[in-house]
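We just call them A, B, C, D, E and F in the order they show up, numbering each chain from 1.
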Amino acid sequence: MDLLLDFFGRLITQFQSPALAFLIGGMLLAACGSKLQIPDAIYKFCVFMLLMRIGLQGGLEIRQADLGEMLLPAVIAFVVGCAIVLVGRFTLARLPGVRTEDGIATAGLFGAVSASTLAAAMVMLEEQEVGFEAWVPALYPFMDIPALILAILLANMYFARTEGGKRARVHAGAIILDSLRGSALSALLLGLLLGLLTNTERVFEGFYDPLFRGFLSILMLTMGMEAWTRLSELRRVAHWYVVYGAFAPLVHGLIAFGLGTIAHYMTGFSPGGVVLLAVMAGSSSDISGPPTLRAAIPSANPSSYIGASTSIGTPVAIAIGIPLYIALAEAVFGL
Amino acid sequence: MDHHKASKVVIITEKIIVEKVAKLIENAGARGYTITPAGGKGSRGVRSTNRANVVDEFSNVKIEVITGSKDAANRIADDVAEQFFDHYSGITYLEEVEILRPDKF
Amino acid sequence: MDHHKASKVVIITEKIIVEKVAKLIENAGARGYTITPAGGKGSRGVRSTNRANVVDEFSNVKIEVITGSKDAANRIADDVAEQFFDHYSGITYLEEVEILRPDKF
Amino acid sequence: MDLLLDFFGRLITQFQSPALAFLIGGMLLAACGSKLQIPDAIYKFCVFMLLMRIGLQGGLEIRQADLGEMLLPAVIAFVVGCAIVLVGRFTLARLPGVRTEDGIATAGLFGAVSASTLAAAMVMLEEQEVGFEAWVPALYPFMDIPALILAILLANMYFARTEGGKRARVHAGAIILDSLRGSALSALLLGLLLGLLTNTERVFEGFYDPLFRGFLSILMLTMGMEAWTRLSELRRVAHWYVVYGAFAPLVHGLIAFGLGTIAHYMTGFSPGGVVLLAVMAGSSSDISGPPTLRAAIPSANPSSYIGASTSIGTPVAIAIGIPLYIALAEAVFGL
Amino acid sequence: MDHHKASKVVIITEKIIVEKVAKLIENAGARGYTITPAGGKGSRGVRSTNRANVVDEFSNVKIEVITGSKDAANRIADDVAEQFFDHYSGITYLEEVEILRPDKF
Amino acid sequence: MDLLLDFFGRLITQFQSPALAFLIGGMLLAACGSKLQIPDAIYKFCVFMLLMRIGLQGGLEIRQADLGEMLLPAVIAFVVGCAIVLVGRFTLARLPGVRTEDGIATAGLFGAVSASTLAAAMVMLEEQEVGFEAWVPALYPFMDIPALILAILLANMYFARTEGGKRARVHAGAIILDSLRGSALSALLLGLLLGLLTNTERVFEGFYDPLFRGFLSILMLTMGMEAWTRLSELRRVAHWYVVYGAFAPLVHGLIAFGLGTIAHYMTGFSPGGVVLLAVMAGSSSDISGPPTLRAAIPSANPSSYIGASTSIGTPVAIAIGIPLYIALAEAVFGL
């Protein structure tokens, strides 16, 4: 009982975090019909700044890291990414009123990872002074890419069965390349490389790192406005997407949290790392996932999966998921 | 200068397939095309041009192709509609234009 | 595919009234429209597209409407000119186009 | 005599302030035909940064404030906003060669408030270490909105009389909502709210506050270029707009300064607050005012009111008005 | 309202010469023009609209001129092609349009 | 021998500089087909920030400078700018397969100066704590403008001869004005003026100076991507452009280094100044040069000169030239 009270106390403090505040502020603005707009160039710049900062920091710190430790968490990331898609395939995609391909695409998007959500979680962990291994952000592609590939594969298997025709081959290599070339992953990987190999400390410490929080706040504002604006698209699709969008992030996050906790006890994976793993699982891709799915499963209706993710999944993943995992970590690992 | 009749095909569709449409146009034998940013409203909802789209790839473009061959123009319009407009939103239409240098198109 | 005659109405006017014009278009029964950013010069001076306009709302847009009904096209052109062009700068004109799927427009 | 010398000494020092320097620099660039352009996305971003910073700061500090003190200055702001419009209605709008509706719209724009001018004044007060109450920037809407509504009302009364027809109803509620939804006020109010309710200190101190001056300098540069570029529009309208644009800001500012001084002696309204009140009165709206007036008084010629405000009124309000009120405050309140 | 035939000249060329083309248009007696940002592909390679062009001046624009005089339209098209298209990339073509207020064009 | 080893040791350290790292990172991204794009508005903003910072710093420091010292280096800058064009005219422009006007335009572009390259060199000197006179960046126009004018003059002389017709007059005044009005030079000069005449220390120290490195890194990334993307244009022009692009920057830089060294022994021109002079000579104009040449020599094929400069010349000037001159300076002046 005491534990529970303590837990809710911690949870409530998290809600005052500026990242959440700006997210909710953005929703509020859109709800009130504000004409404020963040220009697209600024939005893209914010995303670039965050990913470059995350990448550079990872690269700079990975130099001293023992990458062997990364193995188990990477396997977990892979397993979780695939599991999310499989679960979505056999629950959401089978519900009445949900077209199978739409359900599969949605599961793929929720299995993939949002860099912005990850960035928000990193800021909140830093605020709480909860540490994590330098290589944790590099787990991103291990969860993101398999989820997208599996979803595309499942969609093609479904088409092959229903249309009776010959099964379209899924070019996993092409999809992997496409993901790595996407603006999100390529900025992250470039940052990692630069941080690892070159003298980027000064530009990291004097520019990317101090401006990180600020640009994140603008990004959260934009995402909040977008979430609200796209709510209307959900009206045109089945209600199940709302249900999935509301609960799936937390279920996914808690599964990853559980597996991460096992890794903690087995190999000493840090509590902060467990939280970030849960955040990745709970997030749904906002930058590179949608166009990848749109191109690979063109018959899936984007209103369903983008609506479910942008308008419901992402706000839930950030505003409820992150505080929840941090509070859980504090309770479980006694931070 | 002498003026000659030619056809213009206009395709308004999602930015995300612009490269595929461009390939289709080139394969049909057209010598060039022009792309303009566009937003709009059709049967599948409103799209905006310069809001910060978290999923910006979905905004529209307007592609115009001038070609001296009415056949090529028809083929482009038909093929684009057949190949893309089941799954992507878009429209296509044709106009008559007058050009100056028929060898260029 | 069969091709059918249709009309295109083009309206070039100030961005600030784009929503009102869009409503007028929808009320006239058109099924969609396309908007492109535009600058230009007319009787009321130069407008620019991508300078940092402290009063950006005043830059232009080009709105195009395809409709199968020549009547609707005429009505849109007339109504826009009547309702808006006394106080806002703008022009409107019509073109003939060929469409593929007459049920869509 | 000594006092006057002292006053001019202070005035001259103000002129070296970077905000003014960049404003004049922008005019110079445009006058020389420079091709330098600040992209629209950057301009919009600068405006957002300033308003968010002003709002956050207000919100953060208002927590300790005694809002009762705000009452009298808010009433003054309201009265000044309306007075400016009324004076304009019965002077400018009656001059020969000035179309009545153009004159009314111009008076409305000069009664409304410019957030950029306010920001410039705040920086200059901070440079001089002149303090003001945290809630002063929140006086903005109390002057801005009534001025716009009154102008629209007067224009409609005029049309009703001249066209003899039925008087078009002015929907005050709709105009208030429209103003609050404008990008300027909604960013300011969101900032206030976030500052008041959430833990935004770190992002304020690490991002919005330190970058404030820099973005203001870019904004001033842009406004200077715009002022010069639009000068040509004034050629097509009556000369009276130039006269009004040159003198009205200072007259309005001095009236507000006077009323503010009374509040100072009555309720202890701070000298910095008096200056900012004068600055608001002297400024003319550059972001949300023009589209509001354009939509509500469509027959008014925008070249007249935007020309008078952007090309003459704003440079005068910033380059002469702000230094004047600060120097006055130093002389009057013995700072 | 009555509708009247008029001509539209379209010029798609490099942004860098837009001011010169505008002057040519005004000298030909046209009362206005509309400019839209454009990218495209022609005989001289691909141009893009919104990539960060280190040499941004080289992206394209589409300029449209409506004029009541078919002669003026022809002259503009011919002159632009002659004066600029040896050294700058670009195309030009003409269309027929219907206008409402013939005195305006 | 020892000296040579030492020199190569220093050279290699330079390669880890963040400016180079981001440049090469950009090329890598483009080579891998990454979809990452830096929006045009952000690119323009980065350029503005760098030039304003360089200008302001110059202006602020020039106040104490002895401008008499500037005379000899300014003469050298002028001579080098003209020499580069003349050398290019009588080598590159005479090679088989190279159209004369294309060769002249290319020589003009390589004679002109790149502000971004200059900024990168300034950051690298600051990292090495190598000082230079405050007025060195102000040498820029003394090399840039004469080079462009001379190239345009030579092109017209060539046309006059070949076409037999009357020689088109070159309006040197118009070209000078056009250069000064270009976005690069006008931002630089405005910065100088503001730094010299107004109280811009705080905005310089709190905004332009600290953000300088960061925006430079983004600019370098963009230039790297652009360099790779435009490589394909070179395929359509003679191979000599590749050869010229690869060697000319270093030859030009070393000539300027030599003349600068003479000035060092004659009038005490600083080693850092010598390096920056060499960097200017080795760089080729990327912002204002191309449109100026395009307008003034319309028959020259932009693919040749922009390809040679953007894709080969600039990467060589930055990635090899700057480290080379710094290492040379360390060896020669014993820093």
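Convention: a residue touches a chain if its C-beta (ideal position, glycine included) is under 8 Å from a C-beta of that chain, and two chains touch if they have at least 3 such contacts.
The structure displayed is predicted, hence computed values, not measured ones.
Chemist: Chains touching subunit C and subunit D alike, please list them.
Modeler: none
Chemist: If you walk touching chains, what's the least steps from subunit B to subunit D?
Modeler: So the least number of steps between the two chains is 2.
Chemist: Which pair, B-C or E-F, has more C-beta contacts?
Modeler: B-C
Chemist: Quick one: which chain's Cα centre is the longest way from subunit C's?
Modeler: Farthest chain from subunit C, going by C-alpha centroids: F.
Chemist: Give the label of the chain whose average Cα location is farthest from that of subunit E.
Modeler: In terms of C-alpha centroids, the chain at the greatest distance from subunit E is A.
Chemist: CA centre of subunit A versus CA centre of subunit F: separation in Å?
Modeler: 43
Chemist: In whole angstrom, how far does the Cα centroid of subunit A sit from the Cα centroid of subunit B?
Modeler: 35
Chemist: When the centre of a chain is set as the mean of its C-alpha atoms, what distance in Å lies between subunit D and subunit E?
Modeler: Taking the mean C-alpha position of each chain, the two centres sit 41 Å apart.
Chemist: Could you pull out the residues of subunit D that touch at least 2 other chains?
Modeler: Touching at least two other chains: 37-42, 44, 211.
Chemist: Using the touch rule from the top of the page, what residues of subunit B touch 2 or more other chains?
Modeler: Residues 36-37, 50, 95-96 of subunit B touch two or more partner chains.
Chemist: Chain pairs that touch, all of them, please.
Modeler: Touching chain pairs, listed by label, come out as A-B, A-D, A-F, B-C, B-E, C-D, C-E, D-F, E-F.
Chemist: Which stretch or stretches of subunit E touch subunit B in the complex?
Modeler: 10, 12, 36-43, 49-50, 60, 62, 74, 77-78, 81, 91-96
Chemist: Which of the residues in subunit A come into contact with subunit B in the complex?
Modeler: Interface residues on subunit A, with respect to subunit B: 37-40, 42-44, 222-223, 225-226, 233, 286-287, 290-291, 294-295, 298-299, 302-303, 306, 310.
Chemist: Provide the residue numbers of subunit D that touch subunit F in the complex, in ascending order.
Modeler: Per the touch definition, subunit D meets subunit F at residues 16-18, 20-22, 25, 28-29, 32-42, 127, 210-211, 213-215, 217-218.
Chemist: Give every residue of subunit B touching subunit A within the complex, in rising order.
Modeler: Interface residues on subunit B, with respect to subunit A: 16, 45, 50-58, 86-88.
Chemist: Over in the complex, which subunit B residues touch subunit E? Could you list them?
Modeler: Touching subunit E from subunit B are residues 1, 3, 6, 8, 22, 31-37, 66, 95-101, 104-105.
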